[in-house]
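Several structures are given next for inspection.
Both complexes shown next keep chain A, but they swap its partner, so chain B is in the first and chain C is in the second.
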Partner chain A sequence: MSRLEHLPTLRIDPSLTLPLHYRGKTRYGVSGDTVATALFADGVRIFGRSLKYHRPRGLYSLDGECANTTMAVDGVPNVRTETTPLVSGMRVAVQNVMGFPEFDVMGFMDRLSPFMPAGFYYRILHKPAMIWPLALKSIRKAAGLGKISPDFRTIGTFEERYLHADVCVVGGGAAGMSAALAAAESGLRVILLEARPWLGGCWDYRSGADSDALPLYERSRELAREVADEPRIRVFCRTPMIGAYNDNLVTAVQSGGEDEGFTERYIEIRAQSVVVATGCIERPLLFENNDRPGVMQVGCAHRLARTYGILPGKTAVFSVGHDMGLEAAVDLSELGVEVLCVADAREDGQHPGLVRALTERGIPLLRGWVAARAFGKRHVKKAAVTTVEGTVRREFACDLLVASAGLSPVTGPLTVAGARLAYDVHTGYFLPEALPCGVHAAGRLLGWNDPGAAEASGRLAGVRAAADCGKTVDSDAAEAALAAHPGPESGCKLVTAPVAGKKAFVCFDEDATVKNVRQAIDMGFDVPELIKRFAAVGLGPGQGGIPGHNLPLLAARYRADTAPPRPTTVRSPLVPALIAAYAGAQRDMCKRTPLHRLQERDGGVFRRTGVWKRARYFSDDTECREEILAVRNGVGMLDASTLGKFRIHGPDALNALQRVYVSDMRKVGSDRVKYSAMCNDDGCVIDDGVAVKIGENDYYFTTSTGRAGATVEWIRYHTRFDEWDFHLVNLTDALGVINLAGPDARTVLESITDADVSNEAFPFAGYRTFRVDGWIPVRAMRLGFVGELSFELHAPSSFMPALWDRVAEAGKPHGIRNFGMEAQNVLRMEKGHVILGQESEQRTNLLDLGLGFLWDRSKTDAATVGAVALEQAEDDPDRLTLVGIEMDDPDRPAKDGSVIVDDRIRGYVCTLRRSVTLNRAVGMALVEAPLSAPGTHLEIFEDDCNGQRLKAKVVPMPFYDPEGKRMKG
Partner chain B sequence: MTENQRQSPVQFSVPALDAEERDRWPVVLEYADEGEGPDLVDLSHLTRWDLQDRDLQQFRPGGVVVPERPGSCAFGNGVLVNRMNRTQASIWHLNPGEPPGPPSESALTDVTEATVFLALFGPGVFSIGEKLTALDLSRPEPKPPFLIQGPFSRVPCQIVVLERSGETDGGLLFTCSRGYAADMVDSVLSAGREFGLRPAGEKAFLRWLSSVFPETE
Partner chain C sequence: MSLMLTCPVCGRRNGYEFRYGGEDKGPRPEEDGLTPRAWCDYVHMNRCAAGPVKEWWFHRDGCGSWFTTWRDTTTNLEIQPPEDSE
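Presenting the complex of A and B:
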């Protein structure tokens, strides 16, 4: 099809053709086309088949208000092709078609419509009850449009954007642009959202004139230039609003282009004030076969020609209820469409200039007439028009029936912002009764159809929004300017043509007809919200776009309600967006230790541990045999940098430590570390670590990895009423830690420092500071978590890679190996040392774990958190006790977390492994007190035991080096 | 084998054109293919202190008075002092010269090693920020420099807006836990790709700093 190439309103570049693939052929659109306009230009008229009756469907709104033109594009189903920009090479396929779009095998369903009244599957398919399972299967198979694989992954780049503005204007038409300009003139930051790819709204393609005789499209471009020149206004096109939340949080989704680096972008805008100027869509005209390809709305036909350069048909009949319909008829006639007649549902009220223009072109204007039926099996071939009373009828052979009952304000943004709508008799619109604080409406949305009035109402809204932001404005002048223009026009009240309504579709997406609505009402569903659900009106992909306005009017008219009609509820998202857009970039932000890269180099296998990534293994052997044996027989090194590390200083630092630790922290010295634990108010252990005094009123302490993030707040919370003077500094990331462990650890350390690290000079639990190789500052602790001679070397993070390599080099003669978290887990388990979270859970207290020796009951100057609960729990015989257990079968260790049972659950396994060192399967378990005696036989159930309970018995702990000679030697 | 050097948590995948070693810390002065901005500069080698006391007004870090209002900043003698809350301020030494010695007062803690320190400046910087945080970095009030504490790319950060020129141009300094360095840099560079964001060396930072604070030149 040749294009109208020289219209000033075109938004395409006819010189740049773009291929797309459809039904095995390569077709061509042009730059600026949507997928739908490209296909239409190529002669495609049937874009898919309807959900229930498999009726042919074609272009209708050009704004994606219904599912008529949803297609599969590049494998993505349900793409709204009317609004999707054409990209070179797109692969497009029809949906819900068995056969061909022109001949659908399932087309016979249309003839079965008498057997499918409203809610038929609720009522009919249950009798007899036995058919329901079969019916259910068939209905589910038939339901939904498009096909998607369960493992489908959305391809594209998705991200989020968080914007801030003083004023957010929704809608980039004349009113919206005027509002944005007015607000920006007050010096405010303004964000302007527009769903289409360009500003201008319905003026963008219209050649009608404003009060200065300037064509509307020129005026809209003039306004757009003013907006572009205003640096305080940020414009986001292809960005429909999707929701509104408290405190003027507006959400939107922006579609990206080929060159924009993103596919869809979720946007949140926090604004002080919001102006909604979303204009109107058209209210569909209800007549028989109003869904037939070739029937389209006024804006669709007009924009096809003016924006995309495509004539919507050769011979047209118009059936409209507003002046934009007359304007389009005149304009399309000028552009080459033969307009046979214009049926206007209104008896009067037409703009005299438009009536004159029709007369001049010899186009009959039938006042008080309306389309009654479209003829043609696959496309319109003839149209019947009738008087609104149905008394006289005429038929016209045509290929285009432009139909629209009236206008319908796009009030969704106001509704989700919290506005309540009520029926306005003058305009026939559902308009806001009262607007929420900081929300304003403007433009055609309120019925201001006169061009001057639309702009003035926008400026008034912009001025009021500026006032919301604390600006001094002259709103009286803005109000006076608006009052100088004609007020809102009276709207067309026609709801349906005088037809039976068997195939007059209220909702295209769900194939719901006027008759279905009447059936639902006859069955007692008397309010639109109930009818909507029972007759499935507005539940499809287009939501309320097509039926939202007509349904309540139709229901009120049929019920002869004296009360005004009430609209159905609109909810977010106002337009569909990909789930991936909501997910956004979804970066997995995690921490890495200063030794991460070196451990990667050494073959570390990393696992996420809380916020950190830590090396779990250093080989494929998940039993970590070599890593464990290196520590037991030689020397190993572990990256323990994730430990929480803190400085606490100030006159009341000791008081704070006394409060949160169970031990008497006055005993913390400057050359020895003190191991202690923190409990919560229930006496349950939440953390353990060591502390050392590093100066007057100055301490350094460590916490477990998992608690590091909460420690500062924990201590502050538990001292909040004391007005103590102390301060905490989180040094977790400032210092890395290497745990150098094994019988040869001392020899290795001696070789890299001048400090005396002998057992006498640096005994167990000692704390020393020295330098490695004369330049790396180290805080060293003699600890023994893995049950061997161990040195914890704390050094500033930037020094850690050098320290790690230096230790590795010095350990080479001793066969030093890296060991990871799993090896450490086994080593400490053999020694009977607990890991909180592994040997404890929320209910496990200090005493359950056998750590009661840490609790100092003599502290009186600072009540210890958890002490009261510990006192109460001390004599409680019903608590679980941590015990050592050994599996009867050394080659069949139970899984961590498996349950210990007899005729009920009596405990659970905390950690259990086949010990490489001991050649036994041993571990720790929390069991009820009666089962805690050594020698007690236990039965363990786990999900892989196939009903055969595993056998174990309670044994003494620790399993390895019970005297601690290796650790302290 | 690691050289006997300290290591920044940030490793850009761009070759360095010019670098020097300071206190065993290799500092990149210029990267290959630096563009016209916006720029992302690793400043982790610059000294940062934490100051905590009930009476912050008694301290004069670098000769600078600690600002009274949380969220406000003061700059002088190459030192940026950011008031965080009632009892805490962060002190960032922005001069690349000889690092200050260890803090002499017990209220001060050297936290240089605790965080990654980045500068993000140039055209479109606040648009990049909008992709990473819901914090309003480009708000007209107060005038820069000012401190915002909150999530940046979902990670808790201290952010100082140092300059704002136009709606989206300007610059900011920010710190977050050192462990997040790799993901943070990757996240910022990804967000800034559409704006032409590239890694830059310390020279670019100093040029920008002297344009913001001409007295530092």
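Presenting the complex of A and C:
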């Protein structure tokens, strides 16, 4: 189809064609098209079949208010093609069609509709229960829209933006732009959101009713230029608002263009004030076959011509209830559509200029008339119009029936922001009774249809928003400016055409008719919220877009309510958004130690541990034989930089340590580290580590990797009532740690420092500071987590690579090896040393782990966190105890986390490995106290033991070097 | 967490920056003669009132302070302390 090429309102470039693939053929749209307008221009009229009855469906609203034109695009189901920009090479497929859109073999479903009243599935497929599986299968097959395969993965780039603004304006029509300009003029930062790809709203394609005035499309372009020239306004197009939350948090999803580097972008805006100027959609006209392709709304027909250069039909009948309908009839007749008549449901109130223009063109205006029925099996061929009373009827052969009962304000953004709506008799709209604090509304949404009034109401809202932000503004002047324009017009009150309503669809997406609504009411579902659910009105992809306004009016009319109609609830997301957009970029945000690259070079295999990436193995041997043997027989080095490292200093530093550690921290010395643990208020162990005194009222302490992030918070929380004077510094990232371990560790260390590191000068648990090679400052601790002689070397992160290389070089003659997390895990397990989170879970207390010796119960003044609960738990016989266990079969170790059972679960395996060092399968387990005696036989169940329980027995710990000669020697 | 909270050091900030620290129950009870039940109630039991509640919050992504503020749990908005609160 050739396009209207020279309209000033076009948003397409007819000279730039784009191919798309549909039904085995390559078709062409043009740059600026949506997928649906490109297909329409190519002659496609049926875009899909409806959910239940498989009725043909076509282009109806152009704003995605119904699922009529949802299709599969490039494998993604349920894409709203009427709002999706056409991209070169797209592959488009119809949904819910068996056969072809024009000849759907399921089309017979439509004739069955009399047998499928409201709530059909709920009521009929209720019993007997045995019909369920069959019914489920056949209904699933026949009904529903898009299909998605279980292994479908969303393709695209998704990202997030978190923005702050003084004022957020939702809707970039004349009112929204005016509001944004007014707020920006007072010096505020404004964000303007617009759902369409351009600013202008309904003025973008209209000339307006007043032929003497500046055409509205020119005025809207003027405003858009002013907005573009205002540096304080940031515009987001293709960005519908989807939700609103407390304190003016507005969420939106932006669709990316082809060149923008993202598919969809989730945006969250924290604003001080919000202006909603989202304008109106149209209230669908209810008549028989109102869903037939060829029936479309005023804005759809008008925009097809003015924005996309496509004539929506050849011969048209209009049935409308507002002046925009008359305006479109005049304009489309001007552009070449033969308009046979305009039925206007209103008796009066029409703009005189538009009435004159219709008369001049010889188009009959039938006041108090309305479309009653569309004829034509697959597309409109004829339209019947009647008086609103149904007394006189006329028929016209036509291929286009432009139908609209009235306007319907887009109040969703106000509702989700917390506004309550009430029926306004004058406009026939559901309008906010009162607006939440810091939220304003403007424009056609409130009925300000007059162009001057729309702008003035926008400016007034902008001024009020500026006042919210503390600006001194002249809102009286802005109010007076608005008062100078005509107020909101009286809205059309027609609810339905005078028809039986068997095929008058209230909701297209769920195939719900006027008759279904009446049935639902007759069955006692008498309020809109119940009807909505029972007759499935507005539960489809378009949500309330089509039925939202009509359903409450219809229900109130049918029930002859004396109370005003009440709207149904709207929830976010107001517009469908991909779950991928909510998920966002999903970048793997992790920390890397200063030694990461060096370990990569050495073949480290990294795993995510909390916020860190850590080297787990240094070969593909997951048993880590070589790594373990190096530490046991020679020397090994481990990157332990992820340990939490803290300095606490100040007059009350010791008080704070006394509060959170279970031990008496007064005993912490300056040349010896003290091992201790922290408990929570339940006495459960949350952390362990060492502390050392590095000066007067000045301590250095370590925490486990996982607790580093919460330690400051923890200590401050438990001292919050004390007003103590101390400072906490998190040095976790500032310092790195190398654990040098093995019988040859001392020889290696001796070769790189002048300090005396002999057993006499630097005994077990000692703390020394010295320099390596005379320049690298090191805090060294003699510890034995892996059960061998070992030195923990703490140094500033910037020195760590140099220290690492130096240790590696010095260790070469001794065959030094890197060891990773898994080797360390086995080594420390053999020694019976616990890792919190592995040997403990949320309920495990200090005593359960056998660490009760750390607890100093004499320091009652300190009010130690956990002490109360520990005292109370001491005599509790029902607690689990940590024990050593050994598998009967050394080649069949149970998995970590498997359960210890007899006739019920009696405990859990914490860590268990086949020990390379000992040639036994040993580990630690938490068991009920009666099972904790050495020699007790245990049975273990794990998921792949094939019902054959594994056998083990309780044995003493530690398994390796019980006297600790190696670690202390 | 869409609410805004006022940190005594940093001012009114996005709720995402804070960690919730529970209802304010005052300092820990005296340990002498404390029954397990009384202790457990102090640690774990909450009033869960619908309406104004005084709570602890931690400015995690900010200055690192613990502070109390009032929140109306029915609106999830920070509020001024009620008149009868001390």
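For the reader, a short list of remarks on this structure follows.
Just so it is clear, the second predicted complex is superposed on the first by the 932 of 969 C-alpha atoms of A that agree within 3 Å, B and C clash if a C-alpha of one lies under 4 Å from a C-alpha of the other, contacts with A are read in each partner's own complex, and residues count from 1 in each chain.
Keep this in mind: a residue touches a chain if its C-beta (ideal position, glycine included) is under 8 Å from a C-beta of that chain, and two chains touch if they have at least 3 such contacts.
Remember, it's a predicted structure, so these values are computed and weren't measured experimentally.
Applying the stated contact rule after C-alpha superposition, one finds that A:G99 touches neither chain B nor chain C.
Once chain A of one complex is fitted onto chain A of the other, the partner contacts of A:G470 are absent, as it touches neither chain B nor chain C. In the superposition on chain A, contact is made by A:V712 with chain C only, not with chain B. Of the two partner chains, neither chain B nor chain C is touched by A:G336. Touch criterion not met for A:G390: it reaches neither chain B nor chain C. Once the two complexes are laid over each other on the shared chain, residue contacts for A:G603 go to neither chain B nor chain C.
In the superposition on chain A, A:F799 makes contact with chain B only, while chain C stays out of contact range.
Which of chain B and chain C touches more residues of chain A: that partner is B.
By the touch criterion defined above, A:N246 lies against chain C but remains apart from chain B after alignment on the C-alpha atoms of chain A.
Contacts of A:A869 after superposition: chain C is touched, whereas chain B is not reached. Overlap of the chain B and chain C interfaces on chain A comprises residues 270. Against chain A, the residues of chain C that register as touching in their complex are 2-4, 14, 19, 21, 27-28, 31, 34, 36, 39, 43, 56, 58, 60, 64-66, 75-77. The residues of chain A lying in touch with chain C in their complex are 245-247, 249, 270, 681-682, 712-713, 716-717, 720-721, 860, 863, 867-869, 872.
Listing the residues of chain A that touch chain B in their complex gives 159-164, 189, 231-232, 234, 260-262, 268, 270, 585, 587-594, 596-598, 611-612, 647, 649-650, 695-698, 725, 727-735, 773, 775, 796-802, 804-805, 809. Of all the residues in chain B, the ones that touch chain A in their complex are 1-9, 11, 24-25, 44, 50, 52-54, 87-88, 106-107, 109, 111-115, 130-131, 133-136, 138-140, 153-155, 166-167, 177-184, 186-187, 190-191, 193-194.
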